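Each of the next two complexes has chain A plus one more chain, namely chain B in the first and chain C in the second.
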Partner chain A sequence: MSRNSVNELLASLGITLNNLPKILVSDPQAQKAGAKVGDVLEMERHDFGKSYTYYRYVVEG
Partner chain B sequence: MSMQAEVIKQIKFGIFSQEQIKKLSVAKLTVPDTYNEDGYPIDGGLLDQRLGVIDPGLVCKTCGGRAKTCPGHFGHIELVRPVMHSEFAKIVNMLLQATCQKCHRILLNDEQLGAFKAEMNKELSEETPAAEQAQGKQAEQDMLKKLKSVKKCPHCGTVQEKLKFSMPTYFYVGERRLKPDEIKDMLAKISDEDLDILGIDSKTSRPEALVLNTLLVPPVDVRPSITLETGERSEDDLTHKLVDIMRINQRLEQNINAGAPQIIIDDLWELLQYHVTTYFNNETSGIPPARHRSGRALKTIAQRLKGKEGRFRYNLSGKRVNYSARTVISVDPAIDVDEVGVPRAIAEKLTVPFYVTEWNLEEAKKLLASNQYPMVINVVALDGKRKRILDTNKEELLKEIKPGYILERQLKDGDLALFNRQPSLHRISIMAHRVRVLPGKTFRITYPATIPYNADFDGDEMNLHIPQTLEAQAEAKYLMEVQEQIFSPKDGNVIIANGEDGIIGLFALTQDDTYLDKQETEYLLGTAGIREMPKESKGHMYSGKDIFSLLLPKGLNFEVQSGNDKLKIKNGSLVEGVITKRAYGLGGGNKLFIAIARDYGFEELRRFIARSSKMAYAYATMYGVTMGVKEYIINDDMRKEKEMLLADTQKKVDELVNQYKTKKLEPLLGLTLRQSLEQMIIVELDQARSKAGYALSRNVDKTNFAMLMANSGARANILNFEQMSMFLGQQATWEGRRIKRGYYTGRVIPHMQRNDVGASARGFISSSYVDGLNPIEILMHAVGARGAVIQKGLLTQRSGYLQRRLANALQDYYVLFDSSVRDVGNNVIQTLYGGDGIDPTRVNFAKEEQREKEK
Partner chain C sequence: MAKQESKYGVQAGEPVGVIAAQSVGEPGTQMVLRTFHFAGIAASIATSGLPRIIELLDAKKTPSTPISKIYLNESSKKSFAKADEVAKKISEIEMRSITRRIVEDFSKGKILVMLNAQAMQAADLTAGHAAARLKKDLGLDAKVGKHGNIVIGTHTKNLKEVRAIAVKLTKSIVNGIEGAGRAMVAQDQKTQEFYVESAGSNIEPMMEIDGVDSSRIYTNDIFEMYRVFGIEAARTTLALELKKTLEEQEISVNERHIALIADAMTSSGTIQSIGRHGLVGKKESVFARAAFEETVKHLINAAAFGQIDYMRGVTENILVGKQIPLGTGSVKLSIKREEGKKKK
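This part shows the complex of A and B:
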């Protein structure tokens, strides 16, 4: 996600980056997405024929 | 954790050294007695006034405070000979085993020591995962165990003698017993570095303090004496024990000074050890508990802390609540579902705050002036002081009250109360009810309301809490009222509904051929509180469906069809179908409730449940619903049919077995011939049972009460009926297999042919409960029943614990206004609740709407 859209997201939820759910950089999925520490990943997940948006803040580890 | 100003990082426990005890102590106690002849505390005695005062009027000699202000102060006793602290004997043993008996170093060479140290540090480090920490702990334990068998000290080369530890406080080197003073010396010589390696913080806990020279005496506040009506004083158990200790201590001193023989001194020393041990823990294993004169065991320090009634679980974890009541519950079908019947005696005790404002001042005064039942008990003034209303101060208070005052008024009808039954596994284990003051001594609830509480009336007790602030009342009203909880937060199924006689009553009432006369109709409608008559039909009679329709909300349109059963409500009146459990009872199939709640709201649905159950009970009684063995006795025709069915089944099974033996049986896909046979027999026997059930429902009269129950869904089903009237059928073991093992070769019991795979040899029962089983059938039945019981027990236990762990893990998460799920630290758990933001209690409403749209 771009810096701007991250800020928008945080503002809409009224939180800081640290309040977001986290994902480790070493996570296979994070590596596949080429994520770097400090990024926020936006993911579309398809459950039961509907798609939902999830966010993960990439952290060290 | 952004809400807390300070965070406790760690708590450290240590052991008081002799010096610390003396520093802490305000008095050295020397006299083994409490009061003198004048009833005055003896100086230097166990109730020395320097230890604090508990009698009103006396002044503490240490702090100058009175009984209320003096917190109490510690004293100490100097023991002439040291004694072991029994609770720490295990640690002392570990230390003695781990160190050299001469140079007192750890019995490891430097290399091993380094490794051990590393292991220890790793374990203590916070970054090490818990699993590895546990592993490290195990490694240490192993290492310590090995130290026991070290023969020679690697530092000074001394040969180690065998050290024996015997509970609770004895140590032997070889044959010789180590006296506490020797142990103290040995412990004192262990270096600080070595202690740190062994995991003992030498700064806060030196091990020689584990052998006591001085005994810390708790303040009198901890062990108050009580005065009986006779004027006699009775001392606390701890005081008694301390008197014992001091008495022996004094005798020991006298004997030593008098130069008594060693045996006598050792005996007294031993006795001192016993008293000190029991002072700490009177349930120390291996020694008899110290007893009171009456023969009752003394309650000493450990007993005060331990167990359910100990300081921790009883006083610290056990919180008690005001504005609450508890009593036995019982049913009252006459009250509303959202009401709770409260005994008058409880209603008179519990209070609800009445906040005096400028606009209700007149009302407040009227309330305060009242001398009978809903009257004011307390008045809370502006400064927060609570005054009890008496005849003497009533006039005065009447003049005094002004806006801002709070009147505490007795509970009356219509007040909100939270009602709870433990175990509170659910959010619906606590619901808000409206109070209904009733005569009697029990809380009253309706049948539908028992279900979320999982309550019954065999002696269950429940708790009632009265919300005190307006916020709490509002929360209770809008979130917790019974009608809000009719649909489960788990899956949206109905969890508050009628059952049994409630269902059977409406089932009978809504039958196509139910017609009642005017008087009966008036009676039924009267019980439900309805004051209009349905339209007449069939000359001066009223149809049951029309009577029932008056309960429904005006203008309701509703239709469900499942199989051949159809239920159709048009413009608020039932035009087709009967009321069964599917449409009216608990569970997901109850579409009627969903329709009412969606179109008319929870309030209307609650009213429907309450009124319809009253009518149902009345009609069930009027109809004369009853049950007996007679329902299950079948006529000769049925009996013939049963015999034929069984013979037919037997023939089919025999045929299958025959085919199997001659290898003519066509195996099923993926199964061996033997497995196929088994499968086919099971199917065949199962079919026999369903055929029997079908035969019953075809032939037995519709008005047979067992049939009525099964058809309406009120209780039991056709299978239960069939097992009682026709035959039991196949008894299964684990995973639905037939019974085949016994302690014999190829047969279950010796009464059968070896390798008989036929029906009756493998647990098929062709008798019914009414006819009775033969001995072999009894055995087969017991095998099946035992398996079922065990499986059920295991399953409920496991799933219950799993559910509990899940609930505890999730309990502090909440859904914010923007539908995101947060924890207490405002961390986002989900950006949208459940991924879709749907409230499970209303999920079925949406489904219904969608279905209608699709039509």
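This part shows the complex of A and C:
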């Protein structure tokens, strides 16, 4: 996600980056996406027949 | 604001975590404590019921009964023969299960492995096949000798070394994937497609096999899913396993509660257990941790290191008798100074 859309998302939810669920940089999916520490990954989830978007903040680890 | 909330059906300040815990916990009390063993059907001896739930929530590194489902790609899933072929490649067979006797010849530095013909036939293996596998895995000079026995040359006459190799031999695998366990072909009731189910889990090498659809491979080992596919896959697996275990006991819990638990357990990017080593143990507030377990330890540590409690959580506020930040309590009153002036 781009910086701007991240800021927009955080503002709309009234939270800070650290409130987001996290994902480690070493995570296989984070590596596949080529994510760097500090990025926010946007993902499409299909959960029990419903789909929605989920965000994870990339952290060291 | 109000419109957005009604869309989701949860009010601001709703204690969703507590509700999720109660929703799972209450029907959980009715669950059977025993694990059932069904005689005959090898596939259904998986841990179920309360023991499995505990295993999942405690985030145990390995499940006590790992099971993996290996789905096949378009060209292989319709034919039993092709599925069986894949199952044979996966099914783990230990050397000791097919040997009758192992004779060590210390003077020549050789080991003679007498094979059990019946076991070999049952496993659909030949001596040549087993010897080749030993050569590949252990780097041993394994050949097929007289009477279908396997002869292994060790290049040493040292008693200890020969014995060490012989011991290693009994534990080695002559067929399949290490840790995969017994694999069998099963058929999906709905789609009629064939897939392989194995009583073990080591999905990385399984994905490499011809005919396997690696994108649909599944194991009930959450940490393995985490290692291979990452945190999101682990979360989904965790939620599915919880749901499945509850459903087996004919307990219906709304998916949202289960999803919330799975989300909470994986929110840090790794899998955290629920309990003093995981989620609760990592709480920010000193009082909240002290109120849960190991009270003295937390208080002394906090005092020694001069930790500050910001009193933002629920537990610590109950502890000191303040209003808790939930429901009505989560709303704070603030006055806009300018507007107050105008009214005057």
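The criterion applied here is as follows: the second predicted complex is superposed on the first by the 61 of 61 C-alpha atoms of A that agree within 3 Å, B and C clash if a C-alpha of one lies under 4 Å from a C-alpha of the other, contacts with A are read in each partner's own complex, and residues count from 1 in each chain.
Assume a residue touches a chain if its C-beta (ideal position, glycine included) is under 8 Å from a C-beta of that chain, and two chains touch if they have at least 3 such contacts.
This is a predicted model, so every value here is computed, not measured.
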item: Chain B versus chain C as contact partner of A:Tyr55, first or second or both or neither; value: first
item: Touched partner set for A:Ile15, first chain B, second chain C, both or neither; value: first
item: Which superposed partner A:Met43 touches (first chain B, second chain C, both, neither); value: second
item: Touching partner for A:Gln29 - first (chain B), second (chain C), both, neither; value: second
item: Shared contact residues on chain A - chain B and chain C; value: 21, 45, 47, 54
item: Chain A-touching residues of chain C, taken from the complex the two chains share; value: 227-233, 236, 239, 243, 255, 259, 263, 266-270
item: Chain A contact footprint on chain B (complex, rising order); value: 818, 820, 825-829, 831-832, 835-836
item: Interface residues, chain A side, partner chain B - complex; value: 12-13, 15, 18-21, 45, 47, 50, 52-55
item: In the complex, chain A residues that touch chain C; value: 21-24, 27-30, 43, 45, 47-48, 54, 56, 59, 61
